[in-house]
Amino acid sequence: MTAGDFRTLTLSCVNRPGIVAAIAQKLFELGTNMTEAQQFDDTESGRFFMRVVFSPFDGWEPSRLIPEMAALAAEFGMTWTIKENARPTRVMLLVSKFDHCLVDLLYRWRVGELAIEPVGIIANHPAAAYADVDFGGIPFHYLPVTAATKAQQEARILQLVEDSGTELVVLARYMQILSNEMALQLSGRCINIHHSFLPGFKGARPYHQAYARGVKLIGATAHFVTHDLDEGPIIEQDVERISHADTPEDLIRKGRDIERRVLARAVRYYTEQRAILNGRKAIVFLD
Amino acid sequence: MTAGDFRTLTLSCVNRPGIVAAIAQKLFELGTNMTEAQQFDDTESGRFFMRVVFSPFDGWEPSRLIPEMAALAAEFGMTWTIKENARPTRVMLLVSKFDHCLVDLLYRWRVGELAIEPVGIIANHPAAAYADVDFGGIPFHYLPVTAATKAQQEARILQLVEDSGTELVVLARYMQILSNEMALQLSGRCINIHHSFLPGFKGARPYHQAYARGVKLIGATAHFVTHDLDEGPIIEQDVERISHADTPEDLIRKGRDIERRVLARAVRYYTEQRAILNGRKAIVFLD
Amino acid sequence: MTAGDFRTLTLSCVNRPGIVAAIAQKLFELGTNMTEAQQFDDTESGRFFMRVVFSPFDGWEPSRLIPEMAALAAEFGMTWTIKENARPTRVMLLVSKFDHCLVDLLYRWRVGELAIEPVGIIANHPAAAYADVDFGGIPFHYLPVTAATKAQQEARILQLVEDSGTELVVLARYMQILSNEMALQLSGRCINIHHSFLPGFKGARPYHQAYARGVKLIGATAHFVTHDLDEGPIIEQDVERISHADTPEDLIRKGRDIERRVLARAVRYYTEQRAILNGRKAIVFLD
Amino acid sequence: MTAGDFRTLTLSCVNRPGIVAAIAQKLFELGTNMTEAQQFDDTESGRFFMRVVFSPFDGWEPSRLIPEMAALAAEFGMTWTIKENARPTRVMLLVSKFDHCLVDLLYRWRVGELAIEPVGIIANHPAAAYADVDFGGIPFHYLPVTAATKAQQEARILQLVEDSGTELVVLARYMQILSNEMALQLSGRCINIHHSFLPGFKGARPYHQAYARGVKLIGATAHFVTHDLDEGPIIEQDVERISHADTPEDLIRKGRDIERRVLARAVRYYTEQRAILNGRKAIVFLD
């Protein structure tokens, strides 16, 4: 058995007794071993969420997996996915002027830290703006945008997303606000990094807002993109300490470090099927 | 020389060259040694802030200190204070139902960790509500409050503050909103602990707001009280990680720990002359 | 159904496929619902660990629970426990001169934050040393100790532990080294708080060691007690930032805060069946 | 006046009254304004340390600065340096197989975040091992090393350091132990990043040691290099939380993030004259 044999199942359904028993029994019958499992019983919504990593042992019949899981899912009214862990997630990276998140994600991809396959980089600045960045053969798409061309530009992005088989769109400091239509289209498969500790400092220039307010910690927030700007379900947040002596420029500098690691964690959680939409919130199954 | 000989000078004035030289020279002439010094040149407001701890050596003439500092301060247009470090700060503690911050401050006082002298405890619940709390001989004042009696109750509080020689009023989870008049009266000498990571989740029930929003970190904020509710200059903040599985009750529990330590730090900074008002912000001189 | 109906099952056994299925199926058959579940497949030791919280629904027959779980456990060679969540854990608190952890645990107990029932306080200093601490009716045992009387003193402690039905012994800054025999007797049911970030600064006066070494963060460590001093399985650790200007006394002061919260978390994890011994390490199942 | 006019003075001497007054007076006389100042009175060693940032105003006579400071320093027996802030620090980067710290420092240099001028990269692996790294025109030196060639290789490194006018040598995960002679030669101007929370887990494979010990936090440490391996004065440390489920590979991955930011901060502190050797410890003057 190799790493390629591990798969991850995620599911959600209306909660009722017996779900775990049914899932565990089925995975056992199919000749697999549950190596990781997390569950969450959301008493607020009445829904049940589960993530299971499993791997084959003797008696494994791959052809039975999907049909039998589908049957079980139908019985419980489950939304579900199964992903082969060894297959990297196809990711489209969107970026504007600031490239620190892009460069960071590309580095993590190169050293094999993130199980992603970048299928394209879309920027609203020309390639020359990223002269120091080694795209490593990833297709680069320059899609400038103005108020007048926004609709066409977004249509072009969506086309690239579709043509490339993109599974996850990452707004790696992409400083354009997506239209409601586009946000809806990408619902649940688009992650943004916001350079503030949301819900504080929504909107523009959050580090300048933080400076003006005199906070003692600044942060960054990775969230699923929804049509409701800066209100998307939060996947990950982190902070760093600042002082009265820090200028807005210092905050921007310190913020880059926070943004990088928060976005990278969120992408990791997504690729490992740990981050799951739950209405206005995100479940993140950690070990 | 004993610890009692240390004094702390704080000052602020319009910035110009020569301030530090003048202060350092004067303290030297007076027969003292600067053992700690911090300064902040606020380029935004053009004001200069300084904190100096000094102790006498040979030639120290205590009677010269105040008149000569006053003369120097006049020359530079300084706002200034000098405090003897050994003298504890006279503190009035205000509390409502939740006593965790009160209990924590009293413990830190008992073991000599905080250089405070509690001159009174004011509560809008009767003493019986704190049956498990050992007030250690500190006068307890039960001052219930309703919309109709708020003005009189606040007048009574201010009277107690004045009569007791209170230097710092601590709102240790005192769940009443001060009137603008009272906030103004106590400006710069009243610290509140807010149970959220401001400016996120202003207003009531912040932990429930945090739960509803699905944040991944919760926090608390100690700030100077101003008439602008939840907008006072921030002295200290801290956070802890939470997960989707945390209920509002879990947040409240985790929050107690954050509130306790954030408020205790803010009180410490105040008593050590480290926290200084600077318009809408607070300077906090740390080592 | 009330909170009292929740129970927590923990188990470990040699890993093999089908364990989760068997457990989930059995709990379902017994008329219960799994509301929380965590598992860990320790590939190093080949052992499997699980924690399940379950509650009854229709068809629940309490009398079947223990016999049927015992039969299942026998089949898989499981070590297992079931605890009713509503029943507090019986805790014996041991303390020496410094009472900050004791006072903190008692406060958390009083406000209902920790599901413990303190069955006794054992100190090697007389009750007068804790004049400011409200024991709240908990039996206090003064058991002084010298090299010559150590064996008898420990025998007396073990007797009190046995007589009181103690489930967990907490060394709340108890500054005596337990004998190997006593450590073995209490194996898996005794937690200590060490005032350093282990494995750094083992042994005496860790804050002075930290000061001498010039570290930039200090910490504390809660661990299961074993005969191998300062080498027990670690349950929880935390740190705070310090600077070159902090004296050993500052470190001790900052350390008290870390020790308090680290020990309180470890006790919580134990009472919620989250902290499980795994050889030289501890598994801690968090949400 | 431009940024180029800011200078930073650092000094240390035996403590005595009047040092700050003398320095502040002299800087004022020279026509400069102190914009930042930090001091530390080390009561353990009896030495006084100071860092001052100053900028010219009217009457500034640059030619007087060095002679007059030298005269003052002689009077107090000071060790001192003055650096022009606008001039980047000349840095030699040493690296072995793992390039995450190198790549990170180069990125921070490119975006102008670190005031460094990389004068060379020295590696004990050939350039081909870093095919994905854009050296940006920085001279690359492949200096393989074996036990037999260590002396010559180190001599070559020291020659490159001298020829290039290197001010700071950064061991950016350079996995060779420097000889005592070389460590002494580079004393006070060589920073290493150690992949553990020192003093825990000295020596080889610290993440594997951390895994074996079962700690709940891992860290990294940037320190001045001394002949005493893993005992150099600590400049910066940081940690991240791990769990029982993290494998050694997970620790290595999480550790890369900690190493990167800890080393980058230490280099920043050095270039800003904030990190100052003080015997076995390092003073780090932060705002």
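Per-chain numbering from 1; labels A, B, C and D assigned in written order.
One rule holds in what follows: a residue touches a chain if its C-beta (ideal position, glycine included) is under 8 Å from a C-beta of that chain, and two chains touch if they have at least 3 such contacts.
The chain list, named the UniProt way, goes like this: A, B, C, D = Formyltetrahydrofolate deformylase.
This one's a predicted model, so the numbers in the text were calculated from it and none came from an experiment.
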| item | value |
| --- | --- |
| Inter-copy rotation, chain A to chain B, in degrees (Cα atoms; steps of 5) | 180 |
| Chain of greatest Cα-centre distance to chain B | A |
| Same vs different contact residues, chain A with chain C, by half of numbers used | same |
| Distance between chain centroids, defined by C-alpha means - chain A, chain B (Å) | 42 |
| Centre-of-Cα separation between chain C and chain B, whole angstrom | 36 |
| Residue list for chain D, restricted to those that touch at least two other chains | 36, 243-245, 286 |
| Contact set on chain D toward chain B in their complex | 16-18, 20-21, 23-25, 27-28, 32-39, 41, 57, 241, 286 |
| Partner chain D, residues of chain C touching it in the complex | 40, 197-201, 212-217, 219, 233-239, 243-245, 278, 280-284, 286 |
| Complex contacts: residues of chain C adjacent to chain B | 36, 100, 103, 107, 110-111, 113, 132, 134, 136, 243-246, 253, 256-257, 261, 286-287 |
